[in-house]
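Both of the next two complexes hold chain A, though its partner changes from chain B to chain C.
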Partner chain A sequence: MSVQVLNGLAFGVLLLVLSSGLALIFGLRGVVNFAHGAVYMLAAYVAMSLSGRTSFWVALVVVPVVLAVAGLLVDRFGLRYLVGRSPLDMVLLTFGLTFVIADVVQSVWGTQAYTIDPPSVLAGSTDLGFATYPTYRLFVIAVGLLACAGLMTWLKFSRTGLFVRASSDDRVTAGAMGVDVDRVSATVVALGFGLAGLAGVLAGPYLTLSPAMGTQILIITFIVVVVGGLGSIGGPMVAALLIGLANSITAVHAPTLSAYVPYLLMLVVLLLRPQGIAGRRTAL
Partner chain B sequence: MSAPTVADTLRRARRGARWEVAGWVVLALVGLGAPYVLTLYQLQLAQQAAIMGILALSIGWLLRQTGQLSFGHAAFYGIAGYGTAYVAEHASLPIGLTLLAGIGCGVVAALVVGLVTIRVPGIAFAMLTLAIGMLVWVAGGQLHSITRGADGLNVSLEGSLLGKDVVMYGNPVDAWPLVWGLLMASVAALWALSRTTWGRRLASIRDNEERVRFSGYATYWPRVVAFTVSGLVASLAGTVNLVTTSFISLETLYWSTGGLALIVAVIGGVRSVLGPPVGAALFIVLQNYLSGSGAHYQAVLGVVLIIVVLVAPGGLAEIAARARTAAVVRVRHRATEPAPPAPARDPLDAGAAPSTDTAGARRAAAR
Partner chain C sequence: MKNARVRGGAIVAAAGLTMAAAGCSGGAANTAKQDTDGPIRVAVVTPQSGPYAAYGEEQRKGIQFAADEANADGGIDGHKIELEFADDLGTPEGALAAAQKLVQDKQAPYVIGMVSSPEMAAVTPKLEAWDALMIGTQGQSDDLTGKACTPRYFRTTANDTVGINTIAYWLGQEDEPQWDSIAADYSFGQASTTGVENALEDEGSDLGAKLFSPLGTTDFGSYLSQLSGKGGLVVSLAGADAVNFYKQALQFGVLQKYDTVLANTGLSSTTLAALDDDRLVGALGTNNWLPTADTPETAAFVKAYTEKNGEGPTENIGNGYMGMQTIFAGIEKAGSIAPGDVADALEGLTYDSIQGEVTMRAEDHQIEAPTYVGTVERDAQGQLILKATAAIPASENNPTANPDCNLK
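What follows is the complex of A and B.
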């Protein structure tokens, strides 16, 4: 049982990193980033190639940074032009991006699935006293939680974090108070892409790499964000762990039901409490 | 010269509509001649495009008329296909009834989904339809005895449909009049529907739901019906797809089937009823042309979508309309010396038009 809880925690933490990026971008740009899963997939593949040439640790640092820069460009040359238009236009833009990235991945790495080994330091298992558990998954849990703690601290205590919270509460007022909303948005989109990149690098040795991995995780991440509440950061964090745990526990105890669980959860939440667990507003 | 009155404007709009109808009738008749001009392979592509066009039309029309983006239409498309296959296998009904039963399955599914989801606004609606679509896909994978899962299901339909053995529709030359006719009939029906009072009311609900409710009109049922109609058209596409290919697999239920149709609809332009089918035709041609040269059609499609969203949110239809307006203005400008005022946009389109002012932003956010 404790192993299942840890499994759920590992998957939940991965969702946590992904969904906080998605929720941040939604808060600032009002856009549901359909490219989030594709960015995550791209990061996993790039990290695979990069750690083959250099080392996993280089990839862990370099890939999120590169993707953050890419996010900056997407915001500057894409999303920024769509401010004031229907939110659906931004959805379609990121949807187009998904197709481009999927094509890049398929033409560079092909359509076969890859599994990669964790770096030698993290290979094998660790004895936790109550159970032995793969070391790499413990590493995923630690890094993910650390990243999210860092993010929360940044949002709560830094000046830019204050601007981010102000701008996602009320764009126009924040702008009138002298906050450069476009710049804050660019920061946040870059951060969101960077977090998706981090999740991708972490997922490489943990899950299997395939061209379908992006879509699969994207839909679960959507569910996490919607269940947690659009426009909130804490809500999705709770929901991510919840869905991770539900996923691993039903997979053992009710395997036929397990595939339905996330979708049913989303359905119920949207119908009964459209603002999600902690959302202050409904999903637009 | 006095300013044009409301009656003048209406008369001009009606005259315009008459010309539009005449143009479509000509297009429909010309299209019937396709088998005499195209090769068999090209005709097969045209048939694929037409079926995809019907699906794109259903999603595009819903988006245009209610402002709601559905990512779950693959479910109705697939349910209609599987429904037809199931009825054909387990009940010995005449072929016409079998097909109707299949379409009925899709329509009922759309009605149920519509009843539950239609009140949910904006992005949440898109996500909710996505979740329901994926739920159907998961269920399809688990009901292996009915769907045969990823292996797909070969269906043998029997009987005679519209004077031909139904097996004959596997041949594009025989199937083309049926497929083309259905496409044009759907275009015409949806166009006519959006011009009725009900269609206008849907557009008002899209622009300001609260205001319409405040004015004393129901806002729930019209949208449920619109969703069901859209589901009906998607089901039609699903059943026609089954009749022409005799094969259905789990892929049809996956959300990307609907997602692709949505992209195609947006590229073609959802503001015109003809836009989605044109987008579908373009997609099939592009896919076929590019798959011969390295298969980068996904990237091209994505880039085209990005450009369309950034530059011409109304898609090809808007580009065509802009070109026409420009031409008309130029011709009139030459004929009469004083320049006429720029033609006003259709007020129904104003909500979707690009606007950078904050009022527009708020209106867009409220939708």
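What follows is the complex of A and C.
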């Protein structure tokens, strides 16, 4: 059982990092970022090539930063011009990006699957007393939780965090109070892309790289955000861990149900509490 | 404002998904027109994107090689080969739209290259109306040569029953008393598990853990913790699922505990190349054809392919190639490139292929060909390969026609 909890945590934490980025961008720009899965996939592939030439640790730092810069550019030269137009325009932009990224990945790295070995320090298993568990998965759990704790602290206690919360609550009033909403949004989109990048790098040695990896995880990430409550950050965090755990526990105790669990959870939440777990549209 | 935005997003999302899923189909049943003296036009319908894209690429390589080789030889029965390509997205709707486009607009009546059974099942009912002929080079569903069989569909690879008989034949040679099984939760994995269960029962061996993972499982952690690590393990997973499973099983240290690991089809060259892990050496795998198969025809094909492409063929490249060999054999026998004549000629035809002499069974259009068992080794070039150790003849793997289909 404790191993199942760890399994659930590992996958849940990956969803956690991905969905916080998605939720942040939705909060500020009001757009469901369809490119989120593609960015995650791109990060995994770039990290693979980069770790081959340098090391995993370099990739872990460099790839999220590079993608954050890319996010900044997407916001500055794309999303910013579409504010105030129909949401379809923004969605089409991000939807289009997924195709571009997917084709770039396919033409550079091909269609075959790849696996990456974890760095040698994290390669073996760790004896936890009650079970031995792959060290790399423990690392994923730790890094993911740290990243999310950092994000929450930043949102709650920093000045920019305050602006982010204010802008995603009511961008017009925030703007009237002197907050540069475009600048805040750019920061947040960059952060969102950076988090997708981090998830991608972490996923490399944990899962398998294939051109389908982005779409597969994007669907679950959408579910996480809906279950957590669109526009909230804390809600999806809870939902990510919940879905991760539910997945791993049903895989053992009710295997025939396991494929349906995320969808069932979404159904129940939409029927009983359509606003999601967080309930109210706030930044936290 | 907020609700409008949320609702807008949801509508857009739904519209996007619908757009992605929908393909156009239907259309009039006008037949493919092909000049009887002209080239042989082949519709290469493969997934170029989506989860099956890697398989699609392999199929195209094998088909292209066969066409180039035949053209360099002066064509087949005096006809040049021309290939037309379309992306079927790996979906049944996409396959139908792509096949229809190539057959009717591009007058390419010989359809080949689809990867999954659902793609094929969407197209096979239309073949007669289109006056086309299709060769199945990968999907294994029994139904395509069973209750859904059609006169214009021929399968040149193993089906589920053949795969199971291959595993069962091999299990009959082993004396491992205890086994676990993990399989993909769809027809291939379920059929495989049932077959394994029956074979083990006949042997008096026990099947302990019997696990099914949904197609596209990314994290196998929960399944791995249920595997005992005692005796033998049968793995019936394919594609990215197989890669994911083996990689994580090695990380958890589960795979190494088993005395014997036996993979139904999943240990392909591409899977082994993606994993490239020495701890897999010694694992056993079955397949419907292996580049290491000990026949002169296979050796000649592997040599020619490697000379031209600089790397050896994978299993699915061979499957695509063999599908083309079948079209060529039918055309040569018929002395015509009309699909109807070729279909008649193929029924019961015995011809030479990369698997040696094979027969296209008249009753259900399922090929009678050997299947192979192999062991994972590192070859002289340092690549992990599945080295064929035994060939199981068609009389063992596929003795009778599917009773649900009677085309003769």
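Here, the second predicted complex is superposed on the first by the 279 of 284 C-alpha atoms of A that agree within 3 Å, B and C clash if a C-alpha of one lies under 4 Å from a C-alpha of the other, contacts with A are read in each partner's own complex, and residues count from 1 in each chain.
Note that a contact is a pair of C-beta atoms (placed from the backbone, for glycine too) under 8 Å apart; a residue touches a chain by one contact, two chains touch by 3 or more.
In this text the structure is predicted, and so the values were computed from the model without any measurement.
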Side-by-side fit of chain B and chain C on chain A, or clash: clash
Which superposed partner A:T208 touches (first chain B, second chain C, both, neither): second
A:L267 touches, of chain B and chain C: first, second, both or neither? first
Contacts of A:G30 with chain B and chain C, given as first, second, both or neither: both
Which of chain B and chain C A:G110 touches, first, second, both or neither: second
Partner chain in contact with A:Y81 - chain B first, chain C second, else both or neither: first
Partner chain in contact with A:P134 - chain B first, chain C second, else both or neither: second
First, second, both or neither for A:P255, with chain B first and chain C second: second
Which of chain B and chain C A:Q4 touches, first, second, both or neither: second
Touching partner for A:F95 - first (chain B), second (chain C), both, neither: both
Shared contact residues on chain A - chain B and chain C: 30, 32, 86-88, 91, 95, 102-103, 106, 222, 230, 256, 259
Chain A - residues contacting chain C, complex: 3-4, 6-8, 10-11, 26, 30-32, 34, 86-88, 91, 95, 102-103, 106, 110-115, 118, 125, 132, 134, 136-137, 206-208, 210-213, 216-217, 222, 230-231, 247-249, 251-252, 255-256, 258-259, 281
Partner chain A, residues of chain B touching it in the complex: 63, 67, 69, 116, 120-124, 126-128, 130-132, 134-135, 138-139, 141-142, 255-256, 259, 263, 266, 294-296, 298-299, 301-306, 309-310, 313, 352, 354-358, 360-361, 364-365, 367
Parts of chain A lying in touch with chain B, wherever the complex brings them together: 30, 32, 78, 81-89, 91-93, 95-100, 102-104, 106-107, 172, 215, 219, 222-223, 226, 230, 256, 259-260, 263-264, 266-267, 270-271, 274, 282-284
Chain C to chain A touching residues, read off their complex: 2, 5-6, 8-9, 12-13, 16, 49-51, 53-54, 56-57, 185, 211-214, 216, 218-219, 221-223, 225-226, 239-240, 243-244, 247-248, 251-253, 270-271, 273-276
